[in-house]
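As written, the chain order gives the labels A, B and C, with residue 1 at the start of each chain.
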Amino acid sequence: MKNYDQITEEIRKIAKKILNDKTVDKVIGFGLGTINQEITPLFISKAEGAKKLVFNKNSHMSLAKYLLNYKNEDVAIVAKPCDSRAINTYLSEKIINRNDIKVIGIQGCPGIEGNTACLECEVRNAVISDYDVGEKISKKKTNQLKEEKDFDSLSPEERFKYFRNEFERCTRCYACREACYVCYCKECFTESNQPEWLNKSVSLNENFTYHLMRAMHMAGRCVNCGACELACPEGIDVRALAAKMYNTATEIFDYKVGMDQKQKTLLAEYDVHDSEKGFME
Amino acid sequence: MVKTNMLPQKAEIVDIKQETETNLNIKTFRYKFLDDQFREKFSFKPGQFMMVTVYGVGEAPFGFASSPTEKDYIEFSVKKVGLVTEALHNLKIGDKIGLRGPFGNGFPVESIQNKNIIFIGGGIGLAPLRSLINYVLDQQNRSKYKNIQLLNAFRSPEDTLYCYDYKWWENTENTKVKYTIDEPCEGWSKCVGYPHNLIDEELDWELPDTKFFTCGPPVMIKFVTDRLKNLGIKPADIITTLEMRMSCGVGKCGRCNIGHYYVCKDGPVFTLEQLVEMPDEY
Amino acid sequence: MMIKKADQESILKLLNNLKNDYNIAAPVLLKKGKKEIVEYVFIDDLNDIYLDRQPDSSPKNIVFPQNSAIGKDYSGDKLYDPEKKTILWGVRSCDIEAIKTIDQVFIEDEMYTDQSYKANRDKTIIVGLSCEEREKNCFCDALGFNPIESDYAPIYLFIKEDQYYIKIKEKEYESLFSSLFDGDQTELNELLKLREKDFNSSEFEIDIPIPLPEKDIFEAEIWDEMSEKCLSCGVCTYYCPTCYCFNFFWDGNDHDSTRYKNWDSCMFTTYSAHASGHNPRDSKDKRYRNRIMHKFSYHPFNYEGLGCVGCGRCISRCPVNLDIREALKLTEKYLQTKGGAKKDG
């Protein structure tokens, strides 16, 4: 497995080349803030700028979402394994064109500090890639299907108490939604006013509604990347519900989202043999 | 300095007129404040607006459609487009709503005295103009203003508003009223076409010392003001009223700003002279 | 003016006494999931007070909470007693200036005063806290503010190790501190002199005219670049000590239900959307432009002073590290290359 610095070097080399030979107009990657030197998304359109690209242990943002801002433009994107699955999902949902994008796929991702999702990562290698950086590693056996907290063993009351504690802090800044690659709806249910699913008050009830309804939209689409949780300024365990959805999709339908660009999304495909576990039980 | 607690005054719906229904659903509501003292003290200027609360649903701004010369009630025309307007449309005579205001600068009713006035209104944009039209055409006030002309534009004959006013408008001395629709239509003998194309032919726009008031869909306002400017009308004599998303009505909540102006407080009435100096973000 | 001097223990004792007659709100270190966050809250246990670093959330949470009932108890906090005044303890210069900014809008505006806000503010006594060192993202001095002391607080704390110097600038508050020993003015002056000398100067400097020229900057082609990484979430505005945009909602359906004022954010897509669907700020570059322009052009134009106090929270808490200082630098560069930069305050 290569380290962050080695991967950074490889990214820079590729970015420089593909910007130089005009394969792409723009490279979406990570860089450092010019003033505070903290990790930040970086958009490079000149080959000279490629040296500003960085990949380090804090590169937690899910860059895939930025692809939606450059539809029909030739862009390259630095993709961690989780981001690569997000890109595949976008391709399978046909909201971006394969021809418009080049993926600089990180193989053997060393993981992101503080992102518990990395511990549950099942791929470790980019699943779509035009230019490999890093080094493929064999699929490490992870503690898959096992969230950090084992909610199934808790009583409903205990579960409720846990999430109440979490969602009580929510200020509904929607950073989790905006950081999430799944949440690209033109109009989110939170913004609909006819009907008004959610009022603007920040109260436990409304916060619960927001997080539960959002979780429902995650089934078979969330790649369990952890971007939501890392974006949350209040340290809320936002990923818990999404991860539950992710694992349930695997458990019931043996479905893993974003492994292939031609793969249909879970809810876009109907199979008469599908398990009906949990349905109207 | 006005103190505000941003709580509305209760009022009752005393009349509802279904203005249009086929294309756009527009109703005109007549409200009466429940508190007698408040009602007697209440005054406003044409061009100002109120925040109307539908209890339990929300609040939205509406420009006065009635003239302040009507002492007993106030009227607002409401097009069914969103949450609050839909809730309003579901209310019946006798239902209670909340009102806050009046807000905004209003039309310059004093400085246009002894001048000729031309009104060009499109669709529901006629509502705020009607407040001023009814004010200047009112018997008490008519003599203060010179020649008055109206060009009322609607999509189609089904979309005409305030039909019950046309007769008295037309019959008021020294007043000319024109009507136009977008496309020719059977049974329609009045003008056809967009209002900016009709100014030259249908209106005596060259009368000296004329003030132009226009309100309508943003694109109509742009075309009309451009046409007037091309005809050599001074931008200071072209007056319009803008619409923005608003919440507080007093320049605090943020959302209605165009540059450093707050439409709710510094507007909604602006001259073209002011508008061209403002950032193009409305 | 009165100077008092005390050690940590006497301060706690004093606050413990004051607690009987006042609500005490102060920064507290809270464990939130995997994060440790310093936040202003109403407190009961005074040992919780945490003044070691700039709080991650601003005291806006106290003077203008996210949800505030109109015409009723302003704060719904369990520890808040509406009958009592509130002592807002340990507020740094940036946040004091921010409260001043919100006061300008809600109280000192020549046209309208927000009565609920004013009633709450009238009951709030700000006790300032002098900063000892710069934190990673703050830049108040680059904007002309003084991190060591702000004039807007009637009482100020200067802490050196375990020693508190308390400057009481207004007579009406002197009695609150009468139980403490008198402090020595020259001693405090020495401390201040030292602090000013030692305060690490900002690497970030900015030279832009205030207010920013409205039309010029509005049409500058810098906003796409500045906002490229913005996610359009509300973090920067919610944690900003000066952002005061709000909305209303009703709790309940009947005529006597409570009306609440709650924060809104200009970074949200629907913030300025009309019911018709038309939206004057329908893309993130326009929204980001409005945020910057509001702070550095519109607010300075309509009121005195800036709409940004340089606390740096929008940077620290942004999920993508969007740095307002970079935006200001880009503005500066734009004005300089256009040859239009002139210093004005």
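Definition applied: a residue touches a chain if its C-beta (ideal position, glycine included) is under 8 Å from a C-beta of that chain, and two chains touch if they have at least 3 such contacts.
What you see is a predicted model, and the numbers here were worked out from it, not measured in a lab.
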- Task: Answer with line, ring, star, complete or other to describe the graph linking chains that touch.
- Result: complete
- Message: Can you tell me which chain lies farthest from chain B, using the average of the Cα atoms as each chain's centre?
- Response: A
- Query: Looking at A-C and B-C, which pair shares more C-beta contacts?
  - Reply: B-C
- Message: Need the CA-centroid distance for the pair chain A / chain B, whole Å please.
- Response: 49
- Note on the structure: Per the C-alpha centroid definition, the whole-Å distance linking chain A and chain C comes out as 33
- Between chain B and chain C, the Cα-mean centres are separated in Å by 40
- Query: Can you list the chain C residues in contact with two or more other chains?
  - Reply: 247, 249, 264
- Give me the residues of chain B that touch two or more other chains. 82-83
- Given the complex, residues on chain A that touch chain C span 33-36, 38-43, 61, 65-66, 69, 114, 166, 169, 171-175, 177-179, 191, 199-203, 230-237
- Partner chain A, residues of chain C touching it in the complex: 32-35, 37, 56, 66-67, 136-137, 203-204, 228-229, 231-235, 238-239, 247, 249, 251, 260, 262, 264-265, 268-270, 315, 317, 319-323, 325-326, 329
- Query: Given the complex with chain C, which residues does chain B contribute to the contact?
  - Reply: 1-7, 10, 53, 55-60, 81-85, 96, 98, 218, 243-245, 247-248, 250-260, 265, 277, 279, 281-282
- Write out the stretch or stretches of chain A touching chain B in their complex. 193-194, 196
- Query: What does chain C use to touch chain B in their complex?
  - Reply: 70-71, 105-106, 109-116, 211, 214-215, 218-219, 244-250, 252-255, 257, 259, 261, 264, 266, 271-276, 278, 280-281, 286, 290, 293-294, 297-298, 301-302
